[in-house]
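Got some structures for you, see below.
Below, chain A partners chain B and then partners chain C, in two separate complexes.
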Partner chain A sequence: MKITIDGSKCVGAGNCEADMHEVFEVQDVGPTKVISQPAEDQRRLLEIIIGNCPARAIALEK
Partner chain B sequence: MKKCLIVGGSAAGMRAAATLVTGGYEGSVTVVDADPHAPYDRTMLSTGILTGAKKVEDAVLDVPNGVEHLRGIRAHQLDTANRIVRTDAGDLPYTELILATGGVAFLPEAWRGIEGIFTVRSLGDINALKEKLGTDSSVAIVGGGVLGMEIATSLVELCNRVDVIEAAELPLGRVLPVELGELLRNRAASYGVTLTCGVSVESIDRIANESQLTLSDGQRISADVVVVALGNRPATGWLTDSGLVIENGVVCDGQLKTNAPGVWVAGDLAMVKSETSASGRSEHWTRAGEHGAYIARAILAGEDEPEFSELSYVWTDVLGTRIQILGTLSTSRHVLIRNAADHEQLAVLAVTAENTVTGAAVLGWQRAALTIRRQLAQGASLEVLLAALPTHQLDDSTLTHV
Partner chain C sequence: MSTTPLNNSQPSGCPFSSAKDFTPWAPEFVQNPYPTFKWLRSLGPIAYSEAMDYWVVNSHDAIKEILMDEERFSANLMLSTMSKWPEDVAQEIAAILPNRPMLKDLDGEPHDKARRFLRFAFTPRRLEWIREDVERIANDCMDSLFAEGEGSGDIVRRFTDVAPMRVLMKFLGIPEEMGTQIQAWSHNRENMLQGNLTDEELRAGVQPLKDYYAYARQRVEELEANPGDDYMSEVIQLWKEEQPENVVWEDILNILMSLMNAGHATTTDLMGNGLWALLTNREQWDKLVANPDLVPDAIEEMLRYDTSVPAWRRRATVDLELEGHKIPAGSKMFLLLGSGNRDESMVSHGEEFDIERTDGRQYVTFSAGAHYCLGQSLAKLELNTFFRGLVTRFPNLQLQEGFVPDYRVNAFHRGPNSLPVELGQESLTAGAGAGAEENAR
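Here is the complex of A and B:
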């Protein structure tokens, strides 16, 4: 399981960091960074976070 | 078997459909959409698709497995008594119905049918506009709101001259506080956009392949192409005889339910009447998606949910700046703060008489927007919020009392 952020779509809204700050980090300027990969048991929360991204910039690879 | 029918396949409709199928809805989910194209992300039309930086495929939204998507099919009547939507493709029955037909770009009556005038709402609109644009084109954009300014930002890269005519004193006046509107107005010229505020367009005449715009101050502007970006009107035409209450949109309660059983309304089409800050009609993409997800969750739960109360969030990229607007800005006091590390990055906080922050508009400063979002969710006071922000400077001189 790997989380990626499409830098061309990300708007830095920060919904993802608000829900999972150990994985996502909003930058002052530019796309949000993935600072660590989530644990396997967080899949359900990640799906919600992906659904909450206003720019649909987050993807989950198997 | 249950049948959830969704009319309209944009942000609200597709989000509802995806939430229903991933949530294990026990029945069929059908989306019917008048647009002949695949479902796509409208926010990219005025930006990446218009400049050509993005391909149409980049904007296409996935149709989730288990969702039947009927494109190019127009709904023309709703029979709430028999729970049927009449469409070009025949009658579609439903057990639950989500109305998400959105809005139609507003074009004043007098300007309809005149050559060289465009609106931007659909992929078809963008394709038609792009066909007329060249590097030597001059473009006049009527309306300096979010859409008009996004289009202007995109077209300065492509065209020879870009004029924006805004009737209000400042651009983005519906979403931005005065302080930031002034900043953008002053930035327009250096970005290559000729922004004229405080005047309206009296008339548009097409003379010898050129549009002549006469402004209320007597000024004349000529342009090869005119883009009208004066907001949208809810697409309620097909619902006139449905028995639903129509009032600048389909009227619904705080749970987005209409007056007909089993019928919800989402996105630009919804005129929400509730006591919450989510009351009224929104024309924003994030709000539409949130409406769709909220209704889907209510359908999945099969019972009444707490009223829709998501914090309003709008973002846009205008004149080279990322703008983020959170919550509500209509308070008695505004406080302006700047990033200590970069004075170009700033935020205006809306503060109530009780010293609670209800919303903010942020220019370029994404980390501040994130902190503010978190604090807003907790109903923070100004002092608590300021203490949580990255190193900043409070601009006392700009404290305004509206």
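Here is the complex of A and C:
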């Protein structure tokens, strides 16, 4: 399970960081960064976060 | 409220009998747009309104698709005013308004560039610098709420209309005593561009609009000459560094204008709508009183349930087909964000206000895609501070009995003009606490 962010879509809204700050970090400049990969048992929350992204920029690879 | 049955299955409270007649000006709609939204959704995701000459979009998915499709839809609706201006007004205004687009009207790379430039101060971590000011301002407002009224007061006039403006003045480096004036100017500007004014009302609005722009120009000059520790001063310095040869001052003016307009009424209205929802669904208020840690979840539900920006616009740039409709290039799209937020396909029992729901977070209150609200983290910081303060300090707060708010007439903004509240019995300041829970029933 690997989280990626499409830098060309990300608008830095910060909703992902608000829900999971140990994984996502909004940057002052440029797209949000994935600072650590989430644990397998967080899949359900991740799916919600992906659905909530206003730019559809987050993807989850198996 | 009228309950006259209509012959074509509209829910009560919907004043239209055909989608082609839809306008945002019908009094029943201004008062409560949600029955109309529901009825429109039952007819299909998109309908053409002849009365407006807009395609009216009501489903969550279609709205989000349009907002995210920068290839086929433009955000530029500069000077596409909701009421038609008489020629003399149009000419006078053309001489005042900068001829460069504001942030909300930019598309593509120029928009991305502007956003990248402006965004630094709006991340949740960067906003920590202003948290203490937000808390101080909220406390001031709560102190004043019942100062004169012997246990009753208008919370819009005393709090929700005041606090976001004071925070914004701090953020932008504008003297706080200018807040009331800027509020009046900003309302006038919104009404001119987005309201349903008569020619005479439009003419009366020209001079205040001139004064507003003149003040903004003057303030940019002052902040350039004497920078403070505020955001606008930093933006001006960065903008000069970025364009050492030829600073485009009209763009700076537009940035200040964008923030002065987007940064207070939206939050004021969210607070008012949220408070109305909480106090008319008393069991939800009581849940917050019992457990203030639910405040962040309650804010999310308020944002979904009754947004302060129930509609926004786009323009089609090419001929296209959407949900079975042929939409010609140049068509204007009226996106009912407030309908998308209650769309049955996204949220179950969306007409109910439930602060503990888990399926409400995909709201389009802050738009979607590249134009997603720049200030959403600041708005949430203010809302959280405000509601946490209210439920802990005034657990028995209640609306004046029988009160029904009225709303200003604007195509894109919605919020109550006033909300008279009462302290209720057993305030904490009266030494309650133990009694508060009993009386909350």
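Points to keep in mind about this one:
Convention: the second predicted complex is superposed on the first by the 62 of 62 C-alpha atoms of A that agree within 3 Å, B and C clash if a C-alpha of one lies under 4 Å from a C-alpha of the other, contacts with A are read in each partner's own complex, and residues count from 1 in each chain.
Definition applied: a residue touches a chain if its C-beta (ideal position, glycine included) is under 8 Å from a C-beta of that chain, and two chains touch if they have at least 3 such contacts.
Nothing here was measured: the structure is a model prediction, and the numbers come from that model.
Superposition model on chain A: chain B and chain C are shown in a clashing arrangement.
Legend: residue contacts after superposition of the two complexes on their common chain; A:G51 is shown touching both chain B and chain C. Of the two partner chains placed by superposition, chain B and chain C are both touched by A:A18. Touch criterion not met for A:A39: it reaches neither chain B nor chain C. Applying the stated contact rule after C-alpha superposition, one finds that A:V26 touches each of chain B and chain C.
Among 60-68, 132-140, 204-212 or 240-248, the region of chain B with C-alpha atoms clashing against chain C is 240-248. Shared interface residues of chain A, touching chain B in one complex and chain C in the other, are 11-14, 17-18, 26-29, 51, 54-56.
Note for the complex: chain A touches chain B at residues 8, 11-15, 17-18, 26-29, 47, 51, 54-56.
Those residues of chain C that touch chain A in the complex are listed here as 68, 115-116, 119-120, 123-126, 361-362, 366-370, 372, 376-377. On chain B, the positions that touch chain A within their shared complex are 15, 18-19, 22, 41, 48, 54, 61, 285-286, 289, 293, 313, 315, 322, 324, 339, 341-342, 345, 364-367, 369-370, 373-374, 377, 390. Residues 11-14, 17-18, 26-30, 48, 51-52, 54-56 of chain A are the ones that touch chain C when the two sit in their complex.
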